Every structure is written in C-alpha cells, then in structure tokens.
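Naming follows writing order (A, B, C and D), and every chain is counted from residue 1.
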C-alpha cells in the first residue's frame, strides 16, 4: 500500500508561500495528492496541508525535513512533516458508557482510524472484556473522589509508558488535572455531550430538557485547563421534540456523540486539524 | 373549500380524557381529520389537539363551545375551539433586514400562512415600498435611543387598532417593553439569530465566530420579559467552517432564520403550539 | 419495570373509531401513555396505535383481545394487541461486512432494542467470534452460486427452529427466495445501501459515484419478492463531493446504513410500522 | 471594494502544475486569497481555482491572460481568467410558480448573487408585476403545445440580445430544444424537483408520494439534451412522513428547490463549478 508524507504548516500570511512550498515539493519529485490552504482574514495567518505520495520523493522524511528547514525559518512557520508509516499511538480513556468505545473500536478494526490503540484506561472495570476481546491492554485505575491525585499520577505514568501521541476521552467523565492538559496540549480530544457553548458542565441532556430546546448536540474539542472551553473540532445535532424524555435525549445523544468523536479523532490522526488560537482550522 | 374547527386542550392527565372528548365530538357527528396527544411524564399534564371537519358538525362554533364547557370544567381544562374561517390578524415588525419579511410575504401570498397581515411596523422606512407592493399598510415608528417610551406607546396603539391576534418580530432588533410582552403573552413570536441558549443577546454571529463553533443556528421563541429566554418553538442550524467569515455566517444565518421563523409562525397560526411552563408542545 | 400493551389497528376510516376504542380502553381502566392516529386522505384508511400501561388493565392480554374482538369486527379492523413482556425473537443475517451487526449488537446490549436475538446466520464464517462473544448462536450456511436452494432450505429451517418473529438482513448480500419472502411478509427487514428508488440492485455506491450525485443514502425496507421494491420504513443521507472516491462513499455509507437500519428495527419491534399497501405508516 | 481575478483550470494531472501556476501568480505580485485544488484519481484529471486580489497584480486581465498562455499550452489546460468587475449577465426563465424567482431576486437585491439580471422570460404573464417592481425587463413568450419552435426561436433571440452569459431555469417547466442546450452548454442551470436520478420527468412529488419515500429532494444541474441527465451541481432533501399529502410534498419541495438552486447559481457565478465529463467539481 502507498504511504504518504503530510506537510502541515501555519505561518504569517505573505506573498509566495504556496509557490515556494509547492516548488520545493515538486523540485524533489513529490506528487501532491491532496492540498488544502486557508488564509485567515482577521489574524493574517496562513494554514496549509499537503499530502505527498512518499514514493515519488527520493528521500527519507528526516532528509526532507532537513531540506525544508530553511524555508520554514524564512517564513517563520510552525510546521510538521509526518510519515503515514509511523502509526500514531492512541490511549483511549473511558468510564462506564461504552457507545463511543464500541464505535471507535469498530472503526479501528475496519481500518477507518489509522493508528495503534496502545491502551484503554478506565476508572471502572466494566469494559475490560470488550477491550481485551480486541487484544488491547485494559487498565483499571479507580479515581476516588476524596483523593484523585495518585490516580492521575498513575494515569500519566500509563500514558507515558504507552508512548502515546494522543489521548481520547471517549466519555471519561472525570476532569483531567491541569498538568496532563498542559503536557499533552493539542493532543487530548474530548467529546462533550452538548452543543457547546450551551450546557457546559454536568448533565447537559437534563439541562437541555429543562430549557426545552428542539435540537440537542455534541462537541468534540481539545481539552484545555478551562472546562469545556477548548478549541472545537467538530459538532453535530439531533432533532428532539416535546415527546422525548431525558432518557430519549441521552439515547439520541449517544449517536451524535460517537459520530462527532469519530470524525474528530480521524481528522486529528490525519493531521487535518490545525490549532488557531482557541479555534481550529479543519481541512476535512 | 372546507373549513375546520380546532380544539386545543391542556389539563391534568387522568383516565378517560380522550374517550370523553372523542365521544363528545363523535356524538355531534364531528369527523376528526387530525388528532395529536401528549402526556408529559414529569409534570403529569396532558395536551391534545383535534382538527374537525366543520361541515360534519351541525353547530356553530359558539354552540359547540357551550356544549363542551361542562367537560372542560370537569377535567379542569385550559382550552380553545377555533374556526379556520376566522382568519388570524398578524402584525409584522421589522427593522432594516428584509430576509424574514420577504420570506413571510412570499409564503403568505402562496397560501402557506393562513392569516391576514394587518400591518407592518418598522423603526425604519426602508421596506415601505416592498410592503406596500403587497398592499399591506406600513407604519414607520422611529425608536430614538434616548426616549423609547412614546414610540412603544404608539406601537401598542397600532397593534391594538389593527386588532392583532399575534405579533411577529421578523428581525425587529428592538427589545419590547414589559407591558407589551405581558399583554400579548404567548402571542408575540421572535426569531433569535443563534442556537439558544448559546449566544443570547447582541451580535450572536460574531460571538459564534469568536468561539469557533462548527454549526450556527436560529431560534424561534415566544417573547417574555426576560430577553431571549422565552419558550422555544423551533430551532435549526447551518454547518460552517474555518473558511467562513462573520459575513458568511450572517448570510447562512439569514437562510436558517427565515426557515425557522416561517415554521414557527405557521405552527402558531394553526394552533399547533401549546405552552407548557417555559417550554412548548408542538404538534407539527 | 412497567410493561405495556400495544394496540395497533388499521381499518376503513369512519365516524367514531377513536371514541369507541378509547372508551373501550378507559372502560377497562387502561391508562393510555402514547396515542398515534392517521387518516389517509387518499385511500380512506385509518391507522392507530395505543400504548397502554398494562398494570392499569385488570385483564390478561388474551382476555383483553377477546373483549375487543366485537369492536374489531364491527369496524372491519386488521389489528393486533401485543404485550411487551413477550419479547420478540429476531434472527440477524449477515455476510462479511460487520458495521450493521456491530451497531445492532451494541444497541441490543444497551437496551435500545427490546428483543431476544435468537441467532445470527451468515454465508461466511468471519463474524463468528464477535457474535459468540455476545453469547448468541452463530450459523454458517454457505450459499454456493451454482445451487442455492439447499442453503435457503437450511436457512428457512434455522429461522423456523429459532421461533423467529422477525428477520433482519444486516447487509446479507444475498437475494432471499420468494418462499421466505412470502412466509415472513412484513417481517423481513433489509437495509439497501442507496437512496431508493435510485440505484437499486448491485454496487449502488459505484452507481452513485458515476452519476456524480451530491448526496448518498440508505433505505430500510420490508423485503418483498420484487428486489429493492418493498415498503420503505426509513431513509437517510450523507453529503458527498467531488473529493470523495467510491471507497469514501462506502465508508460514509456504512454510517448511514447502520443508523437507518437501527431506527427501522427499533420501530418495527415497537409496533410503530404499519403496512399500507406498498407504503408504511410509521408512528415514530 | 476590492475586485478579484479568478483563474480556473482543468488539465491532465502531472508533476509541477501548482508550483508553476503559483509561481506565475506570485511572480506578478498576485496575492492569492482563496485556493482550491482537486486531483481526480480515476480520470487522472487535475482541477484548480485561484482567487487573486486584482490590485496586487500590476496588469490588466488581458495582459495577464496573454502572459499565462504559454503555461496553459504546456500543460494542455482548459482555463479561464475572469475579472469580478465584469459582472455576469443572467437571464431567468420562469413559468407560474414564483418561489425560486422570489428567492433569487431577494438574494440578488441583498448582494448574494454577483450578477446583472438582464431579463426574465416566461411562458405566462403572471409574474410580470413582481419582476418589474425590481426594475428588470419581463418578456412574456407563450409556448403553444402545438408549435413551440417559433417561441423558442424568439427566446433564443431574447437571450442573445440580452447578451446573456448564463440562463437559469427557475422552474420553467418547458423542455428547451437541443439547439439552445448545445449553444449554451455548461451555462444553462435547471432546478429539478426531485432527488435525481429518482423521479426524473414529470410530477416528481407525486411519483415520490406513490413510492412512499421518507425524504424528498431537489437537484440543480446543467441542462443537456438528455432530460434531467446533465451534470449535477447541488442536491438537498427534506424529511417527509405518512402524514404528508402530495400538496405538503410540493410545499416542502419549494423550500428545498429554492435553496438548492440559489446555491447552484451562486457557485456558478463565482466560477466554483468545473465540468468533469457528466459530473462536476464544486469548489464551494
């Protein structure tokens, strides 16, 4: 199967970036199979993502990175060049609800998520059998309300030793401590079960029911220290009516949550999500 | 063309309401062409709406109301029986933006909104020609920031003398004073250009842009004294991305706003919206 | 947990059906928790579905059926009264693709589908481990192209001995012979991976790709002898663009297919789908 | 207000196109404000669209075209460079139904459609007053069933003398003769009131009603000689149920039709729609 290099760039917008970068790729024989660009009119920042057929470039990713370095410096770029042969390592964190986990594991099995799932961590033991059936290590780390610090130290240790590139909170239901948020900034994805910024915090479906909204939603976002306030990656909604009880909202919500989280995770793994302050550029 | 009686009821839920009401209608020969019911599990309140082919009932609406009165008392009903031959009188209020007005006038012309449009009131004179082309009276009532009371007194007077059943704020952009809100409680519809409860108040599209949401929305609700907090009738959304400027959001938003408002107004005019505390039951 | 009786009726429309039926239920003390009705203007046929809290009726379902029989005869009703304590027995049929199966099994585990899954039948052995992990019997019945009759005889036998109320083709990819279609008429659900009637038959996503449509869809329908032409229960769509390859369409399609099939199966199991010629009335 | 050059290209895919074109633009000082590219994996064809801030290029469009010609020849490009200061001239054709016309005229007035509306042509006189209120010439050309040729000759003459770049059939309800289809190939947009390829031809909503579909749709496509078979630009759908009569489908359909047509027209006017055989690439 073909593999690809992905070149992802953000920098101050100015004349000639595309010409320079595309000439560089072409000059090394690189065939660009997908190209996305965005100029943000307000911040004056430029974003781009190239997908390059690796076999057309006669160089290792390391050599290509080195060759690109002077251009990156000249244009003051934040950038990364990744190689799809180096599969990302993902740690999933779950609580008791399995819908997002089942969905992500199906997609992973079906080849929709190009990554290794290094481990699943949970504050409960309920989902062990499901995870182990997929031959993935399962770590049960209880998080006692009265003293959470040791649990989170253990979790941080587990994430470290799993050599994780990315952590996905697939309905984890615990608030991560600031340390982890900072250490893995831009690499921890969460699914919030409301259409943020509505109904941040606890029990969003019950909040939505009380307000009498006609649509409920879910939001995939990067975790930051401020609860449910990080950069939004993806959102979607489901129509509800007066007929529906809070339990119906929870049930519909599960479908929205898993779909939104799966899109967010896939786009993250494919380097399609670029941070732009507290917002995202998503080259979906 | 056939006309209909509409019987709309809300009352404490208990055994036999449907049997009693449907037997009453049937006993008077009434053919029920549409029936909707809802039992609210939480509040224990029951809601129903019947559409009855008027010609099958050998009685005037007044006589039918009188005959129904004992049942209504027995079950402690809030209720109304309306006759579609008595067209509702609607006053539209607008500011400068015409999208909702153009849309409502088209639907009215096409027969989608069964009402008379008694008048259009605006704080600007911009839309006069459009309104008068439709042969509807246009009242220009400026609302000076420094003293709004006389303007609102004049507006209340105009609504009164138009003999209005219902007022539709089709992007009016002014906050109605509490007096009007109370006097026409449950009969003033507003379109808010956000997916409430997100981004209540001013400039919601700019708020949405800054937060980086991936969907924008609009909300049709009954106006209450508390700004943007009244019972929600209908909501919808439009997908946006990092590509879109605040102006694009405004443009997409226009489409959502007019669609959501049109549905809300139509349902209101057809007695499909029943109040339930600060929520609505919508038999759409 | 409460259980319910469900009374489902279709009959020629005439005066007094609702009054008669609701009085009957009320007369036996029955509390109606959900009521749906529909008069078809064109065919003159009437449809209704009542959900009745079983404990409020002091009778067995058998006794209630017997008491209702005279009313049913008088109004020439097709009808059924079911008891939610009698769980339906479902046989799932699959081929190699697991997305619908994984989704249905998740929903079944989560309590979204009120049924017993009696067995899974497949023409391949690929999904055995998944099914058996859920402690459901798995039958591998190869269907050789050159002589399918013995295989279908075995399948019919398996469905019989599983005492199945309903068969769900969860991407089975084989055409059932007319005998089974007739024997289980109105009880075999299929998911077709296109927005019918577009792209009936084989490889619908490739047909869609070649036609350059901007939306792809899926259709849940009852199986009849005519391929992909049975009564439609539910449909939904996913937006696509020129960017997407046939493989992308297949991937998006999986999400639509499983969502549409799950809704169809749930509604069928809850007696919400009433046949009306080659169409359906769905009290969703 | 700023104006833009738009460079739209399709050519056989090969190494270096983007580098060459972007270097050319940059070399002339051109600031690219929007860039879109697509490589079609199956046909090996490449598509691109650049939006360039005109003031940053020190050349007339004519001079820029001349300078670009050698590159175009080298890469065997089909291409166009347009200048947004040269507003397109559009002829609208309508019959009796006004919903698409009202919608397009509103959007045109609101600045959403960057064009001149040169004329409206209709086979009926019903919409004259509406059109003339917008100060647009209205031509009533009856098309008698027994001899349509003279009418279409007159129409072709009117389109010619209006100096039209593009013709929009906004529910025109007549089949254009092959001559006009060929002469204005890729420049005549139609709205078909079904989700093509379902229900091509006459009375699609009645066809949809009889088939019992759960979603209805509309399709904006370029007109070709084969009825309803031209390249699809945009599609959308609206959910329906057993409750809805053919008249309801027509009513919902109007909303979908006007939205889909408006998007198609806007994208066409902004050079976002590129033909690719009988399909389209839409850089929306």
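Everything that follows uses one rule, which is that contacts are C-beta pairs under 8 Å (C-beta built on N, C-alpha and C of every residue); 3 or more make two chains touch, one makes a residue touch a chain.
Chain-to-protein mapping (UniProt): A, B, C, D = Formyltetrahydrofolate deformylase.
Since this is a predicted model, take the numbers as computed values, not measurements.
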item	value
Distance in touch steps, counted as few as possible, from chain A out to chain C	1
Identity of the chain that, by mean CA position, is farthest from chain C	D
Comparison of B-D and A-D by number of C-beta pairs in contact, larger one	A-D
Copies chain A and chain B - rotation angle from C-alpha fit, nearest 5 degrees	180
Centre-of-Cα separation between chain D and chain C, whole angstrom	41
Euclidean distance of C-alpha centroids - chain A vs chain D, Å	37
Shared-contact residues (touching 2 or more other chains) in chain D	none
Category of the chain touch graph - line, ring, star, complete, other	complete
Chain D - residues contacting chain B, complex	98-99, 102-103, 106, 109-110, 112, 133, 251, 254-255, 259
Chain D residues within the chain A interface of the complex	15-16, 18-19, 22-23, 25-27, 29, 31-35, 37, 39, 56
Residue ranges of chain A touching chain B (in the complex, touch as defined)	38, 40-42, 47, 195-199, 211-215, 217, 231-237, 241-243, 245, 276, 278-282, 284
